[in-house]
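Heads up, there are several structures right after this.
You will see two complexes here that share chain A, one where it goes with chain B and one where it goes with chain C.
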Partner chain A sequence: MENLTFENHIASVFDEELEEIRSDLMNMGGQVEQQLEDAVRAICDADSQLAEQVIQRDGKVDKMELAIDEACVLVIARRQPAASDLRLVVAVTRAVADLERIGDEAKKIAKHALELTESGPSPMGYTEVRHLAQSVSQILRNSLDAFARFDADAALVTLEQDKQIDMDYKTALRELVTYMMEDPRSIGRVMSIMWVVRSLERIGDHAKNLCEQVVFIVKGKDIRHSDGH
Partner chain B sequence: MENLTFENHIASVFDEELEEIRSDLMNMGGQVEQQLEDAVRAICDADSQLAEQVIQRDGKVDKMELAIDEACVLVIARRQPAASDLRLVVAVTRAVADLERIGDEAKKIAKHALELTESGPSPMGYTEVRHLAQSVSQILRNSLDAFARFDADAALVTLEQDKQIDMDYKTALRELVTYMMEDPRSIGRVMSIMWVVRSLERIGDHAKNLCEQVVFIVKGKDIRHSDGH
Partner chain C sequence: MAINNDRPIPTQSVGAQFHDNARMSMRDVNIFYGDKQAIFDVSLDIGQNEVMAMIGPSGCGKSTFLRSLNRMNDTIEGCRVVGDIAMDGQDLYDSKLDVVELRARVGMVFQKPNPFPKSIYDNVAYGPKIHGLAESRVDLDEIVESSLRKASLWNEVKDRLHQPGTGLSGGQQQRLCIARAIAVNPEVILMDEPCSALDPIATAKIEELIEELSENFTIAIVTHSMQQAARVSHRTAYFHLGRLIEVNPTEQVFTMPEHELTEGYITGRFG
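Moving on to the complex of A and B:
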């Protein structure tokens, strides 16, 4: 350590700070994954206690967002990050916003789980939820992995998977409308499932945004809104 | 101008850049307001041509987001903004993301307008849409005004108005569910209205986020996720 020049020392402190931000982001990602998993389990197992836990824990996710965002602003203010480091910091703040929104959607799912548990058991629409939740969890996992490894190729592959989710989502919606038409008394319950399915689709979109930020970090290219990536 | 010291000159160039970013953001805000207004008009007047225009113009909003974001990153990279200027730049990038999402929701509304126009006229649920759209447009206008004038007090007042929107939204949902139950054949159409109402509520949320960023700029306080503001 004594051999470090002043510049190296500065750089290494800076790298440490960036590394800490990245690792906080990964922690937040893990937390959000857990929230999604528990929210879906709360629906499928009609577990109102678990749903309550998810709702309560959302505050923790929100705090993580604020803390990481503050660390990012501080690191920009105190250091003068070079272009590539600045890209990393900017991408992290965008990713944090997406993770927070995934957490929000998980909380909404948990709230619907509470409603559904109160109105008694009914398996209608649960197959659709379980199926879609599985794909969405997978895409979220892949996006976080790509972020952890700064793997732009993996990110681009994951981006493509979102198309399948959109198709599954549309199929689920059609089936749910059919349930409502066949049994109008079920409309209230099926509407809840409808919102859950919508939340899952939104989570897929946010996972997609994470992938776009990995590409931004690695390739320096902003591919948001570009078709076909 | 000749009397300017070097530092003043630097500062004034920087201010010009910031001013340009701010004015681009305001332009984007105006564009997004127009998109919302036209999307709602397309629904209520069953105007499929207008709906198509909204859908097409969304690409312009997306480009605005990318351009402003790039300008923000450049200004941070090239200058070393002081804390308060950095806050402004950070707030602008967050605001831009919210405006882009408002544009997205307007596009979704326009897509539902197309569906609804195809399936023929039916005034069901339009009162709810018109009512909610009016409040949401107002809150968006107020948020953008608060941003343009960096008026934290106005932003805090506007934040409170979002609560009314949430109540109107829930009332609208309940009424729509009643329509579906009364006439199951209308379920498909009413579902479209349901998504429109949901989009309007989301736009209200994004407008709220804009207000939070005004407070962040002016007071340096991050009030996201804080209850009761």
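Moving on to the complex of A and C:
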């Protein structure tokens, strides 16, 4: 039963409500992707204006979370969804929480971008940030794609990519520690970069959670906290 | 609810039809009304102290199937039951079987409360009297009280036991019918949409009662309310066009049904 559709309800309004929840989630996903991209660009381009924008736009992401959550609660109250409908609604309420947290991490990155910009230009650690950000953006995009298509196989493949991110994160940390040892004056800056890579790694974890929810919707299996993931 | 379905109807049921500790066992049951076949090759076990919910769209045969479990179909002209229906290994369609006794062992509660036009006391006492379950008036009083208590009605009616049962509210009447069914000490209780004529409060009381009764009785309930099936039953059987499509633990049926026809029905979709 993996050819999921959320259409053809006898009550066609129910179709519309589920579709709205789904498309709102995708919009929120798009918004969060943009926040991540801009936050990373603000660091690498030392663009404090862009960093400010990211910080301001986080409120919009929070509002999206509340609106989608409320729509889910209403669907539960009105329609008492069952089976795949129920799994969709439950998964969406979990997914919006993850997306909101990704938004928060993007905001943190933007705040560090402001600090780094203020302390003057220095390329130290930017390669690590750029490299990790690329993998993290990719895993986020893949997990949102898997959500959009309800593709559990793609979600399972994407889940595995998080392991690479964790490895890249550890490598980046080692590099950053080396910078600090080589030049203690850089400790302040490099600590900021450390927080940034930490945020990126967390975003990878949240993207992984999104994939777990895709598997839950499609296969009805809750693979959170299971071995190997 | 009209279900338009172009997909072929499976001849095999999916899920867990059988039970290790079966109270009632049905095998390859086919039921006909004259030339028209209403039930096709249904095999199913109902376990000891289990609440089995039977759901499905109107005309799917779930009530017909339920009625075959205590031979209520015998009273319908032209109705023919083929296959094995057994309780504790005993063939219920054995010609030597006493049907009146069977219906005491397999009690039934109907959609509309149908108390006898007698007092509350006599409604409950009637069965034990004709089945000779009470040796004395004291015995009978005890049976009436304990049955009304088990049906969660005693406190509401203990001061007016000799008033007519028809004077009670709908929900109380239904609980009176349940008390009447359990007064003869049945092993199985069949319920055919027992709450469809009741308001939500009376429904909640009956549902709570079903939960309590399942400690002592085996219960099969036909319901149009899927939420009710989800709330009260241990296993759920989904019927579609006379066939048993799926039987699975209730929590599975309502979160991850195995068959797409079940999914379609419980999520309120057509074909």
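Here, the second predicted complex is superposed on the first by the 218 of 229 C-alpha atoms of A that agree within 3 Å, B and C clash if a C-alpha of one lies under 4 Å from a C-alpha of the other, contacts with A are read in each partner's own complex, and residues count from 1 in each chain.
To be clear about the criterion, a contact is a pair of C-beta atoms (placed from the backbone, for glycine too) under 8 Å apart; a residue touches a chain by one contact, two chains touch by 3 or more.
Keep in mind that what you see is a predicted model, and the values were worked out from it rather than measured.
Enquirer: Is A:Leu66 touching anything from chain B or chain C once the two structures are fitted on A? First, second, both or neither.
Expert: In the superposed model, A:Leu66 contacts chain B only, not chain C.
Enquirer: More residues of chain A in touch with chain C or with chain B?
Expert: B
Enquirer: If we overlay the two complexes on their shared chain A, which of chain B and chain C does A:Ala97 touch? Say first, second, both or neither.
Expert: Only chain B is touched by A:Ala97; chain C is not.
Enquirer: Just to be sure I read the superposition right, which of the two partners does A:Gly220 touch: chain B = first, chain C = second, or both, or neither?
Expert: Only chain C; A:Gly220 stays clear of chain B.
Enquirer: Between chain B (first) and chain C (second), which, if any, makes contact with A:Phe14: first, second, both or neither?
Expert: It touches chain C, and chain B stays clear.
Enquirer: Tell me which partner A:Arg149 touches in the superposition: chain B (first), chain C (second), both or neither.
Expert: After superposition on chain A, A:Arg149 lies in contact with neither partner.
Enquirer: Looking at the overlay, does A:Gln80 come into contact with chain B only (first), chain C only (second), both, or neither?
Expert: A:Gln80 contacts both chain B and chain C.
Enquirer: Please identify the positions on chain A that touch both chain B and chain C, taking each partner from its own complex.
Expert: Residues common to the chain A contacts of chain C and of chain B are 80-81, 83, 86-87, listed in rising order.
Enquirer: Quick check: in the complex, which residue numbers of chain B touch chain A?
Expert: Those in contact with chain A are residues 59, 62-63, 65-66, 69-70, 73, 76-77, 80-81, 83, 86-87, 90, 93-94, 97, 177, 180-181, 184-185, 187-188, 191, 194, 198, 222, 224-225.
Enquirer: Within their complex, state which residues of chain C touch chain A.
Expert: Interface residues on the chain C side: 1, 226-227, 230, 253-260, 262-263, 266-271.
Enquirer: Could you please specify the touching residues of chain A with respect to chain C in the complex?
Expert: 1, 7-11, 14, 79-87, 220
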